[in-house]
Every structure is written in structure tokens, then in C-alpha cells.
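Take a look at these structures.
Look for chain A in each of the two complexes below; its partner is chain B in the first and chain C in the second.
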Partner chain A sequence: MINNEIIKVKNLNINFNKHIAIDNLSISFNKGETVLITGRNGSGKTTFLKCLGGVLFPDSGLIQFGNKVSKKKIGIISDKMSLLEDYTLEQGIAFHSEIFGINKFNFSLINQLNLKYERKIKTLSAGERAIYHLSLIISQKPELLLIDEIIHMIDAYIRELFLEALIELINDVNTTIIMVNHTFSETGRIPERILIMEQGRFILDEKRENLNKKIKKIITNKEIEEDIPVLFKKESSIQKEFYIYPFKEEFNSKYKYDFQDISLTEIIKSFIGGCYAKERV
Partner chain B sequence: MIKFNINEASPVPLYQQVKQAILLDIVSEKLNEGDQLPSIRALAKILKLNPNTVAKVYYTLEEEGFIEGKRGSGYRVKVLKSRIDKLKISIIEAELKDFLEKASCLGLKKKDINELIGRLLNDK
Partner chain C sequence: MLKKEFKEVFKQMFYFLLIIFIILCAEFIERLISKSTFQFFDSFFPIFQFGILFMAFFFGISLFSSEYRQKGTEYILSFPYSRLKLLCIKIAPRAIAMILFYLLYLLFYYLGGENTSIIAIVSFSYFFFALFLISISFSSVRDNFLVNAITVLFVFSGFLALVYAVYSIAHVLKGYGLFCFPFKYIFIAGIYFVEPKFIFFVILFLVLPFVISFFLAFRKFDIRSCSIFNKRYIKLFIPTFIAGLILSIFFAYSGTHNPYRSYYLTGNHKLIETNYSNTRIYDHNSVIKLKEIIDPCSRSSVENEKHIYMSDWSKKDGYKVQSYNKINNHVETIYTANKKNRLSWKLQKYKDEIILFERKKGESPYSTNIDKVPSLILINTITKAINKEKPKFQNKCKHISSFLFGVYETGNERLWLKYFKVRKNLYQIVEINKHGNVKEIGKSKNPPLYVNKMLITTDKQNIIFEILTQKEKKIIKKIPEKRSIHFNPRWFRPNLNHEKKRFIYGSVWDMKKKKRENLVVIDLKNFKIKDIKTDFNLDGYLRVFNSCVAYFTQVDFKNNMVKALYKIDGEKIKLLKRFKNVKRFGEDSSFEIFRPGIVIRKKGKVSVLSLPDLKELKFKKL
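The block that comes next holds the complex of A and B.
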């Protein structure tokens, strides 16, 4: 493993009955990276995350962790994950601290929400639960944090607390964060690397700041040349929109089109739209 | 405090938007020699940005000589008069290029543009 790598995944395969969930996937993540994994429903995002977190065992393949990463330094947050429901918050904290060897518990998030420590975990709302769960994990000072579709389901105030806590973690512990989310406008400013998944593989893996150089849009009312790679085409009665990927600098001199820059929101929409369009063909 | 207008929907990368906001304040002399910039952590939290993105902005600004970082005391503005004059010109030049492009799209001739600018300058 290269020094800076925290996880290396090699030829990972997972099947559910006859359905291929993860298809011979290889990828690696670096220390301190913040990654957003997105893609349409059923593309394999959550399955992949569960595998990284050790919740799901793959059919074949290898997941290798950096040599100093102990299991106690991996955190996973998911809305489907059960905590010790009948415990009070206080009991949950005591239990978690003992298991993970936490000397100094970080109460700041729980206190900011004014949660009562004698409440039972099962009485928490989705947002309170996310913050409680994050408090447990932050206190572990994790090297790796996996977040499965949490951020879009919590309210705006709690989301802000949540994001600020992640920023502190990146700053203080240089935690690698891998999050799965459908709507990324809420997480939009944190991820530096964007992955789009489709049928158990990654169809896009790009640094966020490079994305606008790789994908462009043409709006026209005619068809375009066949050698321009079209990722997704959207047609209406007044115009045709072509999303171009991978875009090459030479297109600018070769063709007369106005190749427009597009936002991250639109980029991801066009990739996912492209997946649905391919299926229809 | 620097005014940040960060727009996620813009295709301009976030670090460039942050960098430009700081540069604009330096050029327009809202930030002066020796002024303290917010810490990486504080700015990241305010803007909900990845601290690495903020760090990258500060490193590039430092490399380009607009700010200076000292261990333990954060980043301060360093004003180089000649650089700033150049920057002022380049900002306006970019805007003017846009303007000229639009003018030529609308079919305006050199003479029309000259007249227009002359008139606007006189009005002022």
C-alpha cells in the first residue's frame, strides 16, 4: 500500500441471489479525503459502504486498511443502524466509551441540542439520533467515517451542527470521510472527490475542482456531430441539450458550439439521467 | 469581515470563488497591509467548506504573495502596490472583454463603442 492510502479495495464482488450488487470494483482512498458517493437507487452505494464498514462480508475481493487503522477508529453512521434502543443516552455513552476505550467523551453536540441524558435512545427523532450517534463516533476520533444517507433527512439546524462537527473532525483528526447521499446540495461544500456509482461500478471518479473541465453542455436545435461523446441528451420542443463527457480542450477549435460550464448539481443529474436513458435503449 | 458570496450552483470551483472574494477585498483596499485573515478552521465552519479547500486558497494566495502565514499567528494581508495595480487592470480587462464580445454580438462598430465609452466617461 502507498503510504497515504487509508483503504485499498481490490476486485470486490457482491451478489444478492443472482443480482450483481458490486461488480469487480477496485478503488483506493487517501488519508484525509472527503468523498461523496452518489448514484441512482439500487446502484450499490450502500452495499459498498457497508462492506467498507465491515457490516457486510463480500463474496470475493480484498479490502485493505492502512497499517495504523484499528477497527476502533472506523465509524459508520446510518439511519438504519440500530443502537441500544432501551438504553438511556447516558448508558449508551458509558457502554460505547468502554468498548472503544474513550477517555474523554465529546458532549458538545448533545448539549447544543439540549438532549436530556435520561431519555431512552428509542425516543430520539431522526435528527437527534444522528447527532447522538455522531457524538459517539466523534469521541472515538475516527480515522475513517462512513456516513450513509443521513444528511438529507435531518433538519436545517441539526444539519448545520452536523456539518460543523465534520469540519472540526477533518481539521483536528484529518479523518477520511466517505458519504453516500442523494441530494448533495446540503453536503455540497465539503466533499472534494465525487464518485458516481452505477450497477456496482464507479462511472465517475473525479476531483470536484476538475469536474467543470471534463463535462460541458451544448444547447442547440439540431443534432450534433457523432464524434462528440454525449453522456446524456435531453430534448424538448424548443431545444436539445447535450451533456458532453469526457470533454477535450480541442473540441473548442474543432467545433463551433458554445460549450457551457455546468454546476455540480447538473453534472450529477446528467450522469444519473444517462444511466436511466441507457436502460431504456 | 470579508464578504463571501459563495454559490454552489456556479460552475466556478469553490476555492476559486473564495480566493476571488479575498482578492477583491485586497484590491479594493477593504483589507489592508497586516490585516488578519480568519483562521482556516473558523472560515471553514462559517462557509461550511472543507478545511482543505480553505487551506488551498491560503496556500495559493501566499505563493502569489498576497498574504503571509506565520506559525501560530495565522495569515495576514501583505500588500504589494505594483501587484495590486496590475490586478486591478486585469479584473477590469476581463470585464471589458465580456462587454466587447456582447457589443460585437449586437453588431456595434468600433466607432459606436468609442462614442459610448466617451459619453459615459463624460457623464461621470
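The block that comes next holds the complex of A and C.
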């Protein structure tokens, strides 16, 4: 492992009976990186995340953690936000602190929501539960934080609290955050690396800043040249939209099209749309 | 996490013990109201036994049920523990609880005394822990407690059937024929066929595949559907099970001993061989297989010229008394007890009557509570008429080692003589008339005898001979004797008839060393007591079959070997035969003396020698 790497995944395979969820996947993540994994439903995002969190066991392959990463410093908030529901918040905090060796618990998030500690976990709403779970994880001061599609479940106020807490964590502990979500809008400006997953593999792995340079859109009413790589084509009676990937600077001089910049949300949509289109063919 | 698990387990333990305590109190109150004595082993102990068996099942099956119910599986799998550590944390408190339950069970057994067979205890222990381990191994079949519980019940039933099959296979492989023990006695069946230390391995190797497969499969346990875990479990289970089964059969085979066989030599020189499935009658030119099973050797039977009588039990009839006709080999049931009652195994005879005791199942044979004193059952062997007499004791006292030892008749009245042990070195003697009235008539230091119409008792200084009359006892002789002499009343007990006897043989015991110091004889003609001069070790036992001759079998108790047989006639003792490599009892060996001869079973081979001449008796196909 290279010094800066916090996780290295080699030839990872996970199957659900006959369905291949993760297909011979290899990737590495650096310390302090914030990563967004996205992709269409059933592409293997959650499976991959749970595998990193130790909740799923790979059928084959290797997941290596950096030398200094203790298992106590890995936090996972899954889409199910699994906790022991019969506990009160207070009992849950005590139990979690004991398991993960937390000396000083961070109550700030819970206090901001005015949650009563004698309430049972099972009585919390999805948003409250997300904040409570995040409080538990933040108190671990995790070196690696894995968050599965929970951001869209919570209201705007709690989401802001949630994201603020994440930013604080990045600043204080230099935590590596890997989150799975469908859109950028909910995760704000946090992710710096974007991964798009399809059929258990990553089909896009780019720094956020490079993405705009690599994907362009052409709007025309004709077909375009065959040597322009089309990721996804959207057609209507008036016009045709072509999403070009990977875009090369030479295309500007070679063709007379208007290669337009597109938003990150649209980039992801085009990738996912491309996947569906490919499957239809 | 360990703290949480302990808390959870001890909470469940507390509830269980609370329920047990409530049952105990309810039982006690019910007994108080009904004014009957509380009988621990009849009512409470089986409930407790079933309760802890249920807890073994519950603790095993509920290993992860709390997490499943709270949807917290994913949460606990994200803990900084390996899967094996997680499993150990979950199992450890439950295993400790199991051990505590088991210790409590042993304590209750110890408190309950001798009424429960140690065989049942040992067998229960094996299956108790087996159920716990099997339940654990099925705790993750599904994330549903009920489904897992039903699975375990099926699997455990299969496991019991498998244990039975292993015993059967070993039995057949050894060439002993088909295993004939009823399946419902599976918990104890093995003990009768396989040496107990081997049974441990038989069960261990059948349980281990479940445990090993579960532990190995659990190393990769995750939140995927249970079918993936189950497939992995089965893949591991099949080879380990095959290996375990082979080892289990191997141990069952190694430990299976020659099947139970008992032999009884009748007065007309027929040999009765009994095993669990049938009875064969051998004589010098034929062998007959009886339709019925009779076991006069182990059932303490009585014999007269034509018949042998013994009590027996069968599922269909319950307790009954059988007669076997020695001439035509006909077996007949002459008395069947009420299904709620049981009969004593020991039979006695007086004139034309067979005497035995009948009492309610679960009640003590030594009870003095008027309702619960066992009834005397008198069966007339000629008319087949049945008479029942119920003794009425006035004073409550603990009756242990209680026996009928004589009958005397005055005028028209017949009185039973009975003794029971009050405490060490004190036996109370009572007479019981036909109305059941009980009268105390004396005491004795050692068990008394009634021989030649004389009551023979002992005190610290003397052996006392008395004649009983309707009003009083009349001492006819006192022999000063300070030594502790035991006249084994067993010789006289089965036959209460007044057959004239010339000698009584006894032993002088060193009570501290628990060793026979000397053999003595009392000549009933002149009431003189004499030591029988011997120059050999007196470990062994005496048998007396007629009025004057006794046999002394010299035994090496330590090595369980029969060394020699001596004939005693008055003061004279004569060596009849020395034996080599003859075991007193064992898997394929036995040594039994009967009135007409000796039956020796040595490594499965049976030989019969007549008494007193020791001529070999030949039997066809033996």
C-alpha cells in the first residue's frame, strides 16, 4: 500500500446467489478523500459500501486497510440505519461508547435537535435517527466514514446539520468519507471524487474538477459523426441531444458543433441513461 | 458487549427460576392442602428437568434473536470484532448459564437422594448439552425465531433417531443381531449396550459436525440472505457429518459390549436365558424359544416344584406377576396390578401363596403414611385367588431397608413378621395381622431372622433365641457374643416356609475396615456358635440353599474376579474348585450360584456345573 492510501480493494467479488453484485473490482482510496459513489439502482453501490464496512463478507478478493486504521475508527451509516432499537438514546450511547472505546461523546448534534435521552431509539424519525447515528459515529472520530443513501431521507434543516458535521469531521480528523447517493445537490460541495458504478464495476472514476472537461453535450437535429464517442443520446421530434464522453480538446477544431458544458447532475443522469440505453440494445 | 449479553441472559435465567420457584410453591401448597407429603422426585424434579431442557433449547436458538428483532444485525456486524469473537461473546454467557443450570440440576439430584437412577442423569446430561449446541448451530437458519425453533425440533428428533441408528449399526456390526431397545428409551438405551465412556464420544462426534460447521460458516456471516449462509453451512456440514458419523459408529462399535443376558438354572436342570428381546429354555436335548420374556434371575423370583414366579412389567399390561411352568414351559400372568400402581420386584413364598408388595407409582416403598403404606398382595398359586392386606402403622417413622422375614401362626391367626431399619445398628421388628394391625414386638442390632419357628435377634452382648406366642415372647437361649455377627437374612427371605434348618451361617465383620474377619456357624441343635477355620482371604459371599450346606465364593473384588468356591457343612469347609480368569460380572461374563448349580459365562461362552459335585451339565445349542 502506498503511504497515503487508506483502503485498497483488489479483485473484489460478491454474489447474491446467482446475481453478481460486485464483479472483480479493484480500487483504492486516499486518506482524507471525500468520495461520492453513484449509479443506477442495483449497480452494487450499497453492497460495495457494506463490504468496506465489514457488514458484508466478500466471496473473493481483498480489502486492505492502511496500517494505522483501527476497526474502531471505521464508521458506517447504512440506509437501514441499523441500531439496537430497544435501547434508549442514553443506553445506546453508553453501549456504543463501550464497544468503540469512546471516551468523550459528542452530544452537540443531538442537543441541537432537542432529543430526549430517555426516548427509545425505535421512536425516532428517520431524520432524528440519522443525526443520532451520525453522533455515535462522529464520537468515534472515524478515519473512514461510510454513508449510504440516507441524505435524501432527511429534511433540509437536518441535512444542513448533517453536512456541517461532516465538514467539521473532515477538518478536524481528516476523515475519508465515502458516500453513496444519487444526486450531487443533496451532498453540496463535499465530494471531490466521483465514482459511477454499473454492474458491479466502476465505469467512471474522476476528480470532480475534471468532470466538466470530459463530458460535453451537443444539441442538433442531425446525426453526428461516428468517431465522436457518444455516451448517451436523447431524441425528440424537434432535436437530438448527444452526450459526449470522453471529450477531447481536438474535437473543437475538428467539428463545428457547439460542445456545451453540463451540470454535474446532468453528467450523472447521462451516465445512468447510457447504462439503461446500452441494456435496451 | 459481553456485559450486555450477561445482563440479557441472567434476566432470562431469573425469569425461568422465578417460574420454577412458583411451581415449587404451588406444588408445596397443593400438598399441604391435600395433606400429602411433598415428593420432590415425583413432581418437581421432572418439571425442572424439562424446564432446563427447554432453556438449553431457548438459549441456543435465541443467540441472535434479539438483534434480529431489533433490526440490529447490521449494527453488531459493524463492531470492531471478528466474527468468531462476536460469536464467542454471544455464546459465553449462555454457556455459563447452561453450566449453572446443570449444577443446579446436579444439586437437586443430590438433594433428591437415591430415587433417580444415575444412568438417567448421565444420559440426560449428554442430551442436555447436545440440544444446547445443536440449537446454537441453527440460530441463524432464518432471521425468525419460530422458524429456527421448529427447525431445531426437527433436527434434534433426527439427531435422536441418528443416535439410535448408530447404536443399532454398531450392534449389528458386532454380530449381536438387531438392536431391540424401544426408541422411546433412547436417552438411556445406549447405557445398556455401550460402555458409558464410549457413549460420550458417540454423541460428541454426532454433535461436533453441527458445531464445527456453524463456527466455520459463521466466519463469513453477513447480512446477505440466510440461504447463502445455509448453503455454506451445508457444504461444511456434509463432510464433517460423514467424518463424525464414521467416528461415532467406530466408538459405538468399540464400546458395544455383549448384549445383556441373564441365566437362571432351574431345580429340574433347565437353563433359562433372557435378553432384551427373547427368552430361551435350554435342556440337554432341546432348546425352546418362549413367546414371552421372563427374567427369573434378575427379578428375584421364587421357585417351587412345578413353577417359577416372578414379577414383570410391560407397556401393555403394566406391572404383573408371571408364572413359568418348568414342565411344559407355559408362561402365565397370574396377577396384574392396577395401571396406577407398581409391584415390588422381590417375591416371597409361604405355603401355597406368593407374597409381594403393591403401591402407587411415585410413592415411596418405605412410606408409613397410612394411605401410602404398600399393600401386601397374596396370590394363591393353586386357586389363583388374590388377597390384599394393608398394614396400619400407628407411629410415623422412616422405613428403610424394610422386609418381611417370617410368618408365624397362632391358632387361626397368621402373623407377618417385618423389620425395618430405624437407624444404624437398630432394627424395629413388628408383627402384622390379617387386618393390617401392626404391633411392635422387639428390636435387634442386626437384621433379625425367623428360623425353626424362633425369632433370632442380636444386642450388644448376645444372640437371642425366642419363641413367639400370642401374648409374649419367651427367651429360650442367649449366646453371649460381643462381635458384630451378620446372618445374611437374604438366604431366608424368599422362602418363608418353616423348613427345619440345622445350621445358621454368618460372618464376623470388622465394621471399620468393612471386611469379613471370620465365618461362623451356629448349630441349632445345641445353640453353640463356632468359628469356621479358614486360611484364605475371606472377601466374597455366602450362599445357603438348604438346611445344612452353604457355599462360599471367594472373590477378588478389586479385579472383579471369582477365585474359588468352597462348600461349608457345619464347621467343615472344603475347596470345591479354583477358577482362573472368571469375572464376577462384566460385558460378557457372569458367575451365578443357584441351588442346583453354577452358571459361568466367560467371554460369552456359558458353562454350567451342578452342585455339589461340579459335574458339567450339557445343554443343546448353548
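Everything that follows uses one rule, which is that the second predicted complex is superposed on the first by the 278 of 281 C-alpha atoms of A that agree within 3 Å, B and C clash if a C-alpha of one lies under 4 Å from a C-alpha of the other, contacts with A are read in each partner's own complex, and residues count from 1 in each chain.
Definition applied: a contact is a pair of C-beta atoms (placed from the backbone, for glycine too) under 8 Å apart; a residue touches a chain by one contact, two chains touch by 3 or more.
Values in this document were obtained by computation on a predicted structure and should not be read as measured data.
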Report task. Answer with first, second, both or neither: which of chain B and chain C does A:E85 touch in the superposed model? Result -> second
Query raised in the report: Which partner does A:F16 contact after superposing on A: first (chain B), second (chain C), both, neither?
Result: second
Requested in this report: Determine, under the contact definition given at the top, whether A:F100 touches first (chain B), second (chain C), both, or neither.
Outcome: second
Report task. With the two complexes superposed on chain A, say which partner A:K71 touches: chain B (first), chain C (second), both, or neither. Result -> second
Report task. Identify the partner contact of A:I63: answer first if only chain B is touched, second if only chain C is, both if each is, neither if none is. Result -> neither
Query raised in the report: Does the superposition put A:V55 against chain B (first), chain C (second), both, or neither?
Result: second
Query raised in the report: Of the partners chain B and chain C, which touch A:I167 in the superposed model: first, second, both, neither?
Result: first
Requested in this report: Once the structures are superposed on A, label A:T34 by its partner contacts, choosing first (chain B), second (chain C), both or neither.
Outcome: first
Report summary line: The shared contact residues of chain A with chain B and chain C are none
**Report entry** Contacting residues of chain A [partner chain B, same complex]
**Finding:** 32, 34, 160, 163-164, 167-168, 170-171, 185, 188-192, 208-209, 212, 261-265
Report summary line: In the complex, the residues of chain B that touch chain A are 6, 8-16, 40-41, 44-45, 47-53
Report task. Please give the residue numbers of chain C that touch chain A in the complex, ascending. Result -> 1, 3-4, 66-67, 70-81, 220-225, 227-228
Query raised in the report: Contact residues on chain A for chain C in the complex?
Result: 16-17, 50, 53-57, 70-72, 74, 76, 78, 80, 82-86, 95, 98-100, 122
